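The letters A, B and C name the chains in turn, as written, and every chain counts its residues from 1.
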Amino acid sequence: MWYIHVAIMIWVGFGFLMTFLHRYSLGAVSLNFLASCVVTLEAVFLVGAFYYMDNHDPGSRFTVSLDIPLLIEGLFAAGAGMITFGAVLGKVSPSQLLLLMVLEVPFYAVNDYYLIGKAFTARDVGGSMAIHTFGAYFGLAATLFLSKKGTGSTHAQNKSNYTSDVTSMIGTIFLWIFWPSFNAAIALPPDGRFTAVINTVVSLTGACMVTFLMSAIVDGKFNMVHVQNATLAGGVAIGSSADLVGAGPGGALAIGIVAGILSVVGFKYVSPLLEKSIGLMDTCGVHNLHGMPGLLGGVAAAAILMVDDDMAGCGHQLLALLVTFGIAIGGGALSGFLVSLVDRLDTEAAVNYAFNDEGAFHVEV
Amino acid sequence: MWYIHVAIMIWVGFGFLMTFLHRYSLGAVSLNFLASCVVTLEAVFLVGAFYYMDNHDPGSRFTVSLDIPLLIEGLFAAGAGMITFGAVLGKVSPSQLLLLMVLEVPFYAVNDYYLIGKAFTARDVGGSMAIHTFGAYFGLAATLFLSKKGTGSTHAQNKSNYTSDVTSMIGTIFLWIFWPSFNAAIALPPDGRFTAVINTVVSLTGACMVTFLMSAIVDGKFNMVHVQNATLAGGVAIGSSADLVGAGPGGALAIGIVAGILSVVGFKYVSPLLEKSIGLMDTCGVHNLHGMPGLLGGVAAAAILMVDDDMAGCGHQLLALLVTFGIAIGGGALSGFLVSLVDRLDTEAAVNYAFNDEGAFHVEV
Amino acid sequence: MWYIHVAIMIWVGFGFLMTFLHRYSLGAVSLNFLASCVVTLEAVFLVGAFYYMDNHDPGSRFTVSLDIPLLIEGLFAAGAGMITFGAVLGKVSPSQLLLLMVLEVPFYAVNDYYLIGKAFTARDVGGSMAIHTFGAYFGLAATLFLSKKGTGSTHAQNKSNYTSDVTSMIGTIFLWIFWPSFNAAIALPPDGRFTAVINTVVSLTGACMVTFLMSAIVDGKFNMVHVQNATLAGGVAIGSSADLVGAGPGGALAIGIVAGILSVVGFKYVSPLLEKSIGLMDTCGVHNLHGMPGLLGGVAAAAILMVDDDMAGCGHQLLALLVTFGIAIGGGALSGFLVSLVDRLDTEAAVNYAFNDEGAFHVEV
């Protein structure tokens, strides 16, 4: 059951959420489909191999045992990958995308399995750090190397239309409904799971409500970009602490509300600033939905541990967050640079190709 | 699991079902999203408080314990709220909608918890009365106060287009599939749940088949309004008696078939009549999908109790239905009147604003 | 839970997958909805009656006991029916479709229950043979009798558009995610189920990846027809052997890859050839997604039994496959002929009516 719920988030959730681009809907849902398969398969082998190396009988034959928890680990890696995809959406060829994903998985797996899990034994049941922070900053660093001039927010095709705004909501709603299962999938049953489900529901509810409020405040009317994305920030930000009883419904609500505010503010002010100042072109705004709320999630877990007087845990948590951030930026930059050597286009061709399915698909009019 | 299934009905089911309006799809799915969060949260506090007051240790601190059954109670309230939303869809501002929902919850909770549940101990496992009858007549009474002249069925934008008819079917299909879980969510496991699932599946199957037949009979060809709505009337009408063994598959099939006929006849004949005679403008036709089939559901449960020779139960059931109907009409009229004092528009502005997302959303062309 | 998962495949999966026709989306999802209800109900009675006749106490009253496993059997029959629908999609009237479905169920039930299940005790947990091979060749034989000249691949309306390609992906993604549950629904818990889930996930992953590769090879760019369909061939082909431990992840991956290749090659080369040579007009290409991969599935199970040194089982498996193929062709031809006597149109009217919802629905522009 947990496997199916997480699979719905990856293929339905991320797949349809990214259909918002009016001429790149096919690429969004199709390449999300393909790339998630590739990442899951690679991650299953890699995480499985790590697990084997730590637990095998000396002298036994090398075997990875494929079971449901390992598949869920594979899907978590696909989650990080699809967040990265969001940053480069519409600006890379399918080959570049797959190469970027293949390069991302080892960084992801080492960070998740050895650093967060073993070195720091940090709290991260729903992956605020391992999945969201990592996936977002990896993608943001990569997109700096992969985005040509003219493929930013002012590109004529970098927009939604009425229908694509509706199909994108399929993704939003399914992500929002199944996020509690995502955060609870590897929590300890039954109590940890139950706590993770309740806290995530509450946090998402807070994020949804505050997003509409903030959207109306900053933009006069509701903005579908905010509705599609910032409503989910509560799921991201509660990820590290979802199974900590210390959070409680009140704390979870607060985390969700702060995450929603942060996310809307990010879309309205931070993204334009980053595009203008350092040329960061982040198609889906993953910095606002996954990056900043992911950091918030790591910090929130640290704060809860501090309140519980677990100062060592708090320190480990913050170190794990910092290391995740660093590996994501470094790995993303390196991978983005390597990928930029493949399928090179001049600027004019890149602009024509961007946000347009006709580059890679036979498109019916 | 039951929580997730009911959540799918609320956010995917109602949300996409209401996207049928070709220029109000964003408002339908987005405001359904927001308002369901608000109603769920309010209902959790209110029903939780009622439960606490009835079960607390004297002298203990006031605490509502948030668990999955209470969340499901909250979602049931959101179901009633979204039915009400259907009656006023496209004709109220977001502020008006939220205010209407906030006013509705106390009426809902008192009726459901104290009257149906405690005073009459009526059968209503799937909420034919508490959710469907209540939500529909509350909304119908409110819409009398909230609909300006010219915002009825002849309004130029009060229509679907080809794409919105398809996205609306996402809602229909998910509602239809998950309805058995809705009716079984609070039934007594394992037997009551099993009976409720089977009876609901059978009733829905009957309603689906008869809807197509009736639609072709009354309209010559199939009418998507019937396909989208009346196919679901079997789930509404079996709601009160889903867990009564006395119904049996034959009885459930009969209830579904009658509900489907009633619903198509309602769309074809009753709604135009009500609009012409008393100016009732019911955007989604909730009277046909929830109102009349809900009443049928209450009566059917009473009839089954009568056949089982439980005359007291039968009487209580009918009284509960009558009281629900009265509170819904009264509460809806009062709330509709109060809401009509907010965000007042003159008739011309109301007509321009109606069934059009541009009033509340930044809309991409 | 398994019931719900299979229901999602039937109504969401097949329903939306077939919305790809740009002017027959309403018919696809609506008639899939109706016809699946009719087939499920009929199959529940028929399979239930077979089961009763084999297991009743002599002298007892004739009763079919409706339970969840029997409902799942009914849905499996609906699966076969919807595959058949795919072959004739857009070319038959609703009455013809329902009649064809009603005629198909007895052939299906006798083949599945008595021949595959009892006479040959063949392996077919996910229905590669009973559902996919049967449904496809039944439909292909029927479509030979039901397709008028000019309603083939060159018909002006036999095409998708951008939006319908996106809504079709709703079907693909939900089918792909829930297919493991389909193949595991009647496997023996817990081990058989677990094996069936894992093998199906692996096979589908292989089919998805190879489909994109093959599509780019044969068509230069990705073709949405392949993405929507061939990615699922791995689920079809692993159907007979999903619960055989002998397959193992490696074998499952191989089956999925071969199925994906077979399916893309079928769409690109085999379908045009069959249309040209024998006038076979297969709207959805069910021969490529269900026919050939279904045959592959039966053969693969036989091969696995052979490797396991179960020569009798291998022979029975191949005989069951052959008999299924024969009954499907014979039953489909007979049924198609009978149905062609109803709602007869001349060629010109048939061409006008084809792939166009306006024949059977009130369509909003």
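The rule is short, and it goes like this: contacts are C-beta pairs under 8 Å (C-beta built on N, C-alpha and C of every residue); 3 or more make two chains touch, one makes a residue touch a chain.
Since this is a predicted model, take the numbers as computed values, not measurements.
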{"item": "Contact graph of the chains (line, ring, star, complete, other)", "value": "complete"}
{"item": "Inter-copy rotation, subunit A to subunit B, in degrees (Cα atoms; steps of 5)", "value": "120"}
{"item": "Same or different contact residues where subunit C meets its copy subunit A, judged by the half mark", "value": "different"}
{"item": "Computed distance of Cα centres, subunit C from subunit A, in Å", "value": "35"}
{"item": "Per-residue overlap in subunit A, given as positions that touch at least 2 other chains", "value": "1, 163, 167, 170"}
{"item": "Complex contacts: residues of subunit C adjacent to subunit A", "value": "1, 5, 22, 159-163, 165-167, 169-170, 172-174, 176-178, 180-181, 194, 197-198, 201-202, 205, 208-209, 212, 216, 219, 221-224, 227, 231, 249"}
{"item": "Touching residues (chain side subunit B, partner subunit A) in the complex", "value": "1, 3-4, 7-8, 11-12, 15-16, 19, 23, 25-26, 29-30, 33-34, 37-38, 40-41, 66-68, 71, 94, 163-164, 167, 170, 359-365"}
